[in-house]
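Notes for the one structure printed next.
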Amino acid sequence: MIFRTDLALEQREALSGTEAHGILTGERTVNGVRISTVTVRNQTGAAALKKPIGKYVTLELPSMMTSAKAAEPLQALLCETLLSMLPKTGCILVAGLGNVQITPDALGPKCAALIFATRHISGELSASLGLGTLRPVAAIAPGVLGQTGVETAELLCALTARLSPAALIVIDALAARRLERVGTTVQLTDSGIAPGSGVGNRRFEISRRTVGVPVIAVGVPTVVDAATMAGDLLTENETAPENARRMMVTPKEIDLLIEHAAQTVAMGINRALQPTLSAEDLLLLIK
Amino acid sequence: MIFRTDLALEQREALSGTEAHGILTGERTVNGVRISTVTVRNQTGAAALKKPIGKYVTLELPSMMTSAKAAEPLQALLCETLLSMLPKTGCILVAGLGNVQITPDALGPKCAALIFATRHISGELSASLGLGTLRPVAAIAPGVLGQTGVETAELLCALTARLSPAALIVIDALAARRLERVGTTVQLTDSGIAPGSGVGNRRFEISRRTVGVPVIAVGVPTVVDAATMAGDLLTENETAPENARRMMVTPKEIDLLIEHAAQTVAMGINRALQPTLSAEDLLLLIK
Amino acid sequence: MIFRTDLALEQREALSGTEAHGILTGERTVNGVRISTVTVRNQTGAAALKKPIGKYVTLELPSMMTSAKAAEPLQALLCETLLSMLPKTGCILVAGLGNVQITPDALGPKCAALIFATRHISGELSASLGLGTLRPVAAIAPGVLGQTGVETAELLCALTARLSPAALIVIDALAARRLERVGTTVQLTDSGIAPGSGVGNRRFEISRRTVGVPVIAVGVPTVVDAATMAGDLLTENETAPENARRMMVTPKEIDLLIEHAAQTVAMGINRALQPTLSAEDLLLLIK
Amino acid sequence: MIFRTDLALEQREALSGTEAHGILTGERTVNGVRISTVTVRNQTGAAALKKPIGKYVTLELPSMMTSAKAAEPLQALLCETLLSMLPKTGCILVAGLGNVQITPDALGPKCAALIFATRHISGELSASLGLGTLRPVAAIAPGVLGQTGVETAELLCALTARLSPAALIVIDALAARRLERVGTTVQLTDSGIAPGSGVGNRRFEISRRTVGVPVIAVGVPTVVDAATMAGDLLTENETAPENARRMMVTPKEIDLLIEHAAQTVAMGINRALQPTLSAEDLLLLIK
């Protein structure tokens, strides 16, 4: 049986009872948010999980991220997890991957538009605005290959070479296997983006190996492949309908979900990058 | 086994082999478009088909309506079918139902925005623009109950009483049972809108009985209920996942599909309402 | 010298020194907001001011409404002024006039989309959501004649006849004479909308006389006619450039201004209509 | 008297009667489009015109670019002029400058979205789609400094170093001095973008000198500075109103104008870059 997921947690759940060598897992709950950690320690673990070596942290809400209130504890944990993965100082480049014209793939670009970019704000200006010392941040939405003719990985390599950031944060919409994880879950990983992942099936790896700086990937599942859902419902001898391959399963309120998830992820990142500013000030600054 | 569909054709397919009394069916293919007709002649037929008495014409393309080229024969047949259902003269009110902020429900409002409204154009102005005599047309997007506090049926009753059109055309996004009909099919019917139909589950009947003038409904299936798809894959003793009820299955290119389907349906209607204008002129007039 | 303004305050400023009979004026400042009142008491005053009989309250901020913080006192005064003009009980119909596709004319429709519509929420539902007793509110965006073929006044008459609201609130983008009033000012009046006013030059009167219920108009100037600005700069013997007639003067940040002004006006109205809910709860309810 | 314009033609018009050394001018009319050429041959000319050395071609329509029909001859001349400036072979990078959220500055990004990107389409794929041999084209919208923290010039340098295109085409919205040139004019130049030009006052030079490859700039004036218009109306001893500095003068139909101008410029570029494809095929490919 074949299914598709971008969540390390779901790959882990599909492994048989006996734990694969090289995979460590942990779980706890904070303020109603379930935090699961999957650490892939070596190539044996990577082969078993079909995920690169690295740490994968999944934050799960009990319900959809469609209200500002429900998402607040998630925002705080997102900030905290990011801080544990990021270098303490230096410029951060944030890239929102995906196609803004395809709703479930628009998370990245919408999120990038809500990141507080500060790299161009001089210390004097920042002080005169009462903002104190700001960490330099750049934020871009590189678009998608079909519309630009440029691989996302190519553009990020070029820009990273030019800006020399301390790290790169990439935001992307993901595919999950389980319906209940769509719009309720955030995955953070220090392993970057693997080929073929994301709603748009990004083609090239974006990682420390390819861009030369640490890459933290932040993703929210926004779809389930219709073929994956069909496959999960069928017995071994049945096959999914042919048309399912070009279909996806999304929440009925997907447009609202994308708006709220972009806001939640962006604010989690903004809080991690500018710890001296209050959430309220950050909200005013990004509008 | 329970499934949901707004297509009379799919209700008809689900009926057992022996034809129900009071239902007539026909089928032919023109320029690659399959035309199926289901006529519900009496209450026996209506009860069997769970659809009001009336004529239902379904136009099916072999592929998605995502290119202008493929949709041209569909546009022509849409125009022809509409002309067979509409009164020959008099003002036509066109209403695009649905929520413009929810992609698969946005067909109606997007379509209404592309209808060539002419009711306010005087004969002199029309003549001076070289447009000849225009049929009076009004076009509105009434919004949805959750955002306006006004039932679509209420607003249409009020407006119909005021404008006294010869007929009302309502456009709505539909739910289909079969994945292959999403984005490839248009249904036209002279029975109006039944309660609970459309992607947004409109609550009230919109028909000659309720608004006082003939009502032609034009719909394009844009989703399959995830619960319906799950139900179709499962055997009798299995049940669909609980979360499926708040999910829908759509094509991956749903945003593009909605743009193209709105354009196709709007142009089919424009051509039927202004037969003296060329398709090219209509395209320039609605932009 | 001819100029165009939709603000009673600016018409009043242009009157010669000796006060016209039938016009009363007042002014005070609250929390940094200048509140000017012009009351047109009879036809002599109406003829002098070229505005219908009624009360016109203008709220002026010292700076553009482009930050949430600056607009808060304005929101509170807007709420207070509205409460003084509205009937104490009964359903309120809110209509956002204008064309959502023309940025400086989009204030009305954008504002209507942010009104908390409650007319369809039953007392039981409201109680179960912890919202207490809600005043019934309907909110629509009727579109513009050029796109719908229906006069705004016609649609509002039809809907008012059907819904029998206690009052109608119409929101519209206005033209000012002075650059400094664009985006810094809100005008409220109990005289409704006069023919030829608004950015879109609405053609018909919308007032108690025409729709049969009290009409409160709320407007924000978003443009200055280029011909008006030119006229103000020129001496009596000069004439404005011909092309100025099809041009308008707007702030460079007009897109941002419209978003913020729509939010400010909508929240002022929401607070006046649902006084039992906090501003914070209202913000969550309209998203 | 100080005024602002990004058009070499308007700088030239402001020069006194005796022709400056180092500036050549020419003019002709083709299919109703007035073609003016200003060539700055040396530093004397550059100092007089306040424009870098290079060739500036201005195409002027008799009326606004708000209908597809009127813009067709413009499209053809744009294509022809571009072909005279571009290298005959090699990859072309197209960059749409500006802020998509500010209507009169959105020309560049909207145009970039309509460029047919082909760099990623292999010869086999192209042949199998019946498109023949395509010139490699990449198309991006780099965003604006205030939102990304990255200078447009920085990003274009980085990307040009990576992709090694034969030339760079930059598209930008311009400020004109004369109202009648807004929305009716296209300027093409082989001198790139000078500091301080464009609606957004881009800060850095983008030219062969800075990015290392030929840079063709294509611009459409979408605004007049309100201070420039005021200055032109006033006598020498008067001063423009203070508020005029943060205002701009635009056509009332600016939103429509931007859509049409983006389409016209994009199609002119597409036709120049893919001369083997028909305009009709290109239209279908970019949607």
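Should a chain be cited, it is by its letter among A, B, C and D, assigned in written order, with residues numbered from 1 in that chain.
Definition applied: contacts are C-beta pairs under 8 Å (C-beta built on N, C-alpha and C of every residue); 3 or more make two chains touch, one makes a residue touch a chain.
The structure displayed is predicted, hence computed values, not measured ones.
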| item | value |
| --- | --- |
| Recurring contact interface, reference B-C, options A-B, C-D or A-D [over half identical by residue number] | A-D |
| Homomeric contact subunit A-subunit B: same or different residue positions, threshold half | same |
| Whole-Å gap separating subunit B and subunit D, where each centre is the average of the chain's CA atoms | 43 |
| Computed distance of Cα centres, subunit D from subunit C, in Å | 38 |
| Interchain centroid distance [CA atoms averaged], subunit A/subunit D, Å | 37 |
| Sequence positions of subunit B contacting 2 or more other chains | none |
| Interface residues, subunit B side, partner subunit A - complex | 101-103, 179-180, 182, 224, 226, 229-230, 233-234, 238, 240-241, 243-244, 246-256 |
| Subunit A residues within the subunit D interface of the complex | 113, 117-121, 136-143, 145-151, 154-155, 157-159, 161-163 |
